[in-house]
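Look at the two complexes coming up: chain A is in both, with chain B in one and chain C in the other.
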Partner chain A sequence: MAELLAPPEETSERRPPVASGLRMGLRALGASLVRPLVAVIFAFVAGAIVILITWPDKTVDPFTNVIHAYTTLFTGSYGSLYSLSNTLVEVIPLTLASLSVAISFRTGLFNIGAAGQLAAGGTVADMIGLTHQSWPGWLLVPTMIVAGTAAGAIIGGIAGFLKAWRGAHEVVTTIMLNWIVFWVSDYIINSNPFVTPFGTPETKVLPINAQLPSLAALSNQWFHTHFNTFLYTVDVSLFFVIVAVIVYWLLIARTTFGYELRVVGQNQQAAKYAGIPIKRTIFLVMIISGAFSGLAGALNLMGQPGYNLAAQAYSQLPTGFDAIAVALLGNTTTIGVVISSLFLGGLRSGSTDMQAVAHVDPNLVLVIEALLLFFITAEFIPIIRRYLPAWMKSNRGRAPVVPARPAQAMAELAGGGVDGAGEAQNEVVITDLEKEQ
Partner chain B sequence: MFWQIILRSLISSNTWQTTLEFAGLLVLPAIGGVISERSGVVNIAMEGMMLAGAFASVMITLAMHNLGLNPFLCVLVGTLAAILAGGLMALIHAVVSINFKADQIVSGIAINIIALGLTSYLVYVITPAGQGVPSLPGNLRLPTPNFGPLASIPWIGPVLFQQNLVFYLAVLILIGSQLLLFRTNLGLRIRAVGEHPQAADTAGINVRLLRYMCVLTSGLLSGLAGAYLALGVAGIFNPGMTNGRGYIALAAMIFGKYTPLGAAIGCLIFALGDGLGIPLQDLSNSPNIANLLNALPYILTLIALVGLVGRTTPPAADGIPYDPASE
Partner chain C sequence: MRRVSGHARLASFLVVISMLFVACGSATAGGGGTPTSGTTTAPVTVGIVTDIGGLNDGGFNQFSHLGYEQARAKWHFPDVVLQSTVVSDAEYKAKLTAAANQADMVIGIGFNMETAITAVARQFPNKKFAIIDGCAVDANFNCINLSNVAPLFFKEEQAGCLVGAIAGQMEVDGKAKAPKLLGYNTIGAVGGQAIPPVIRYIAGYKYCAKLVDPSVNVVIGYSNNFTDPTQCSAIADKQYSINHADILFQVAGGCGIGVLDSATKHGIYSIGVDADQSHDSTGAIRPSVITSAIKRVDTAAYDIINMAEQQGTAATGPYTSFVNNPFKFDLSNNGVGFATPSSQVPQDAVAKAMALEAEMKSGKLVPPETIPS
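Up next is the complex of A and B:
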């Protein structure tokens, strides 16, 4: 037990000899690639072990079945245009909600209110859509989107205000706001102008002028293609997501405000001495964070078949919490979030195929997702290295410089070149500031 | 009319019986969270630990029952299994965040996800196609201790003396943990490790060992809460049945400023939401009003948080892996 508890860490870190810039760059790239790749491989191997152990039908060769399960998982997520469309349907709200979580993480805020902000966005958009059915589409659709976004922003803003000026912890306030929104939304869904006349606890279907067209329908109309619009349901929200991703990147990496929020997130003392208005930054970040989630709620309602809300659906919807996993997996960088939500969204949508074809329960995907998080965040490489036999420790060995903050790996693979420059600059300023103190 | 309904619900003993039942459920993981965070390890994994506990308790209880054992023994072993399952989840959190120095929030979220995924997956594997876990017969629930005449006192009897066994255990644990943290040497050490691990280490305290113990304790308590939920309240296991209660316990912990008693007050307020739900639905003509009223405890919490509680400061070293080499 004692040995397990207190392994002395290797602290001496031999600096590599001076190398050319290119070699250094390549080595840094290699080091940042190792972690996510190893993590992905480990996660899938561990998932395979779970299948092997639990596989009930011992007559079928279990290894074949693992291969079969994983193949269908990937063909089911990216293998065809149809599965790609289904994956994107999952990815759209997930990406937006992840951006929402990511921007608050960047500011050092743990916003677990994406679920509630998303619900607020969807509910308000639904209310506008059902009460203004006579409006033309060009007016109604933007109004609904703006109102939904604003609703999310208000819910986020309340948490931000309470955090900034009253010191109320955002974890508590966002959870409370989640449940307030869920209950009020259930009330609205069940009350009069909105509820269906058939006695079921859901709202009427939005009129056609309040719906977002699917990409397939647009393509059929403009390019005279013949996509089946019932199969390919991914809608024009995809463009909103692309815009949102660009906005997030610009905001974080290219604006003064983005710089300020990162300083607030990394070192509030430094932010204070640099004259950054901390309270206002926190408030604004939570507003923006809520807006991303509110937008997700509005788009998901307006874009996907059904076009209505059911009572108690929002409190069961996993998107808000999946978004936390995605944001952490992508280490809150722009490309990290995009890649990991494409990855996890793909796993989610592929898992239904995996169940239908290979008879493996889709919840296995959750296990893989969690293992991935573990392997990405745990600094296991130095520990594994320590127990390797001597001949396997090459002298370049020390190299994989493990990032100081965990969960950086996938993001560095992805976003290193994008947000990295700004961050380096950031560090310099902060160390300067600390010297001043 | 509106206020009349609320008032009548508030004086009904049913409301308070359910409120206390759910408060007991929430307070266990909340205390676990307090102990873990006081020692400097952020723990948002109570949700997953509870879920693992609920799963283990139902599965083991049913398996023992199928062996034809005495129902009380089945429930007892099931409850122990729940505690162990919660502890196992906590062990993962401890190894990953203390030895592997992982980001503790990431690890916590991963535990919540893996608990949801694994339990749902195992339900699918174990139970015959798509049927789910059967609900437990009445004799496989957590027993209610017999308080004799106390239980028949009007209003007070059902509220205070007709709860399940683990409820009373939770009350004892609450008092015990408050005393432990603030009145004993061990508690002082735990808090020292959470505030300034370097200083504690210099004073000869084994930082990692203490953190391990505290994280494990939080898992054991959350696992027990899982048994409370599955064997005491629900009588069945459904995938994802904790439904955010672990996060509400987390909120109660912060609301209570990282003290067991404060967290318990938070749990009472949050549990009022569950307590009010059913009486409100019965009393009001339109069941829809109940939806709106259910939001009330959460609104009250927000107001209380802003007006009375104010700023909460977590332990200084909360969430920072201890590295003896630094400083």
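Up next is the complex of A and C:
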């Protein structure tokens, strides 16, 4: 905010007023990348300091330990086909949950309930799959997916309804709903007719007509390759994710509704003045948000080997909360969310190799994630910028805005995030007043 | 000028950080390296994959790791320790596969991993595996015999019997020797889930308590939870207030700590499980705990690693014969036992337990594996 009030810097270097679209786009891209990049660098440096101090692998010197840790972290996430497959398995539900959180951020809401909505989606899908085992695959699979999505949407909708029409803060309601869903899900998992008869607290395995095939199996079938389906477990949910990302982008950047929700996120007063129905928007956004997470839960159940649910697993699953980190790191833009979830999913799955080879505690990855969140939200860049020598400062001017700050923070109306070419700037259009509810 | 001092501050910050790197980087690493093995053949590298709960869970993970470290101290192989963070087949498979890539033998901890370790063992037929409290399974959770998977089972009913005997004898002795008893001749057990190891513990407990005190009532409850203490303390509270049980046996892992705390709160007795739970993690004593039914997972881990190391290049050796004819870890091979009873336990109860222990070792007494009615 201070940047807006400060006098413009470096007036002698002011560029000509109309730069080419590409150059402006690139400059905006650079501006919006700086914050996440700096946060990532800081978090890794802090993680390196932790490894140096704790020195977990005493067979090498601490500095080599750090190098080992980070190289295995990266090779373990993307270094081989096997790692890539494992990373994608993590990334698929993470991306969907992050889209869920991102769309709510855009509207100025904090959807902390991604974990519960995911659990609802998975549980409902499992219930349907186990109850209708005789249905043919082409009927059962879409039904389960739609039902899972709807379950997540309902949970999100409850929080949205309470927020829109009763003013209940969505952070509280979504977290509470999380726990309601977890406990109800546990109860369902442990009860007949879903629980396995073998005495373990898990559901029965889904029949083959309810399972999604893995990419390796499909490729073996169609292209006569010989991929090991045990090792390469990433499944066709990947295509669902790609479609969901496109849908998200279309929704946010190309529809009226998307425009409305962005305005609500930036400045509710302006939205009301423009005739945008705020309550309805909030309600619908929470429904959509819940739908994304519910879809994630259903797809994870149907695509990953095991094909069943274990009691208490959902309450310990970090996906819902990682999604918040991803959405923040990615600045809630589509590209940002995709890249950040690839990054964070990679971190998570790379930690296995980091443990195995470099003997670093798996919790270090959690430390790095937490630090990432910290550095993203703590806005160190203006402070650093103040101390940079003159030649490093440019007249980029203000920091890029996270499009959906909560309404309490003053909206920064200037400068937009990069969100696909041609996204409309945040102009407020005075629409027909009769539209306002 | 302000900008110059800002420069200086940034520069000095960077200098300090780089000094930190240099200082730490040049710390001598010589003293910390593992010594080269003195044996002529390289030892089998063994890795363990823990269940959720971390390495300091006061239970299976911690004691298996203890046995592992003891074996490592003897055989000097590099350490490969992976911790699972989520209860899911995918997670277990990923960790077990990573461990199998780094080690020649992998020990999985806990029955949760049965399906995963079966699949991974099939994937790596030339590596050895072992599961604590489990076996290789088929789709219906029946134990199958895979040539590279060693099941490590325990006779928990023997441990349950020992603590059941103590409980029964204390009920017979009455308030004169055990002042905290309520006088209703009722004891309790709180299980995590009705899975076979838990059932075996409770079966032995009830069987031997009734052997010593035929008229004793045994109330049993299940919390369906191994991690949240409040669940189990709620059940313990009910067993105290409704059934007037005064000796509570917890068979619920981390959740069961709630049973011990509830017993302390109500001023009655309790019995721990798997490890000596008479003290909590800070070392403070738990006043209600009179003994614990011990399951020596560290012995099991140590023994199976020893067997694998001794296998050498022989086609069949201690490991292979164990896989084909697994013995169960019980009293005769220091696999189960009971913790040193506290001073609250009268001498005749301890003597009764020792007598039954001798009978079980000799084979005269065989407690059942399922709970008697």
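We take it that the second predicted complex is superposed on the first by the 338 of 437 C-alpha atoms of A that agree within 3 Å, B and C clash if a C-alpha of one lies under 4 Å from a C-alpha of the other, contacts with A are read in each partner's own complex, and residues count from 1 in each chain.
The definition used in the following text is that contacts are C-beta pairs under 8 Å (C-beta built on N, C-alpha and C of every residue); 3 or more make two chains touch, one makes a residue touch a chain.
Just so it is clear, the structure is predicted and the values come from calculations on it, not from any experiment.
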First (chain B), second (chain C), both or neither touched by A:Phe239: neither
Touched partner set for A:Leu328, first chain B, second chain C, both or neither: first
First, second, both or neither for A:Asn190, with chain B first and chain C second: both
First (chain B), second (chain C), both or neither touched by A:Val357: second
Partner chain in contact with A:Val367 - chain B first, chain C second, else both or neither: first
Contacts of A:Trp179 with chain B and chain C, given as first, second, both or neither: first
Touched partner set for A:Ala310, first chain B, second chain C, both or neither: second
Partner chain in contact with A:Ala378 - chain B first, chain C second, else both or neither: first
Intersection of the chain A residues that touch chain B with those that touch chain C: 186, 190, 311, 361
Of chain C, residues touching chain A in the complex: 3, 6-7, 9-10, 17, 20-21, 24-29, 32-34, 47, 52, 78-83, 85-90, 93-95, 97-99, 101-102, 111-112, 115, 119, 122-123, 139-141, 193-196, 224-225, 227
Footprint of chain B on chain A - complex, ascending: 4-9, 11, 50, 54, 56, 110, 112, 162, 166-169, 171-173, 175-180, 183-184, 186-187, 190-191, 311, 315, 321, 324-325, 328, 361, 363-371, 373-374, 376-380, 383, 405-407
Residues of chain A that touch chain C when the two form their complex: 45, 49, 52-53, 55, 58-63, 86, 89, 186, 190, 196, 198-201, 205, 228, 230-231, 233, 304-306, 310-313, 316-318, 349, 352-353, 355-357, 359, 361-362, 386-387, 389-390
Complex interface listing, chain B residues touching chain A: 92, 96, 98-103, 105-107, 109-114, 116-118, 120-122, 124-125, 206, 208-209, 212, 239, 243-244, 247-248, 250-251, 254-255, 273, 288-289, 291-292, 294-295, 298-299, 301-302, 305-306, 309-312, 323-325
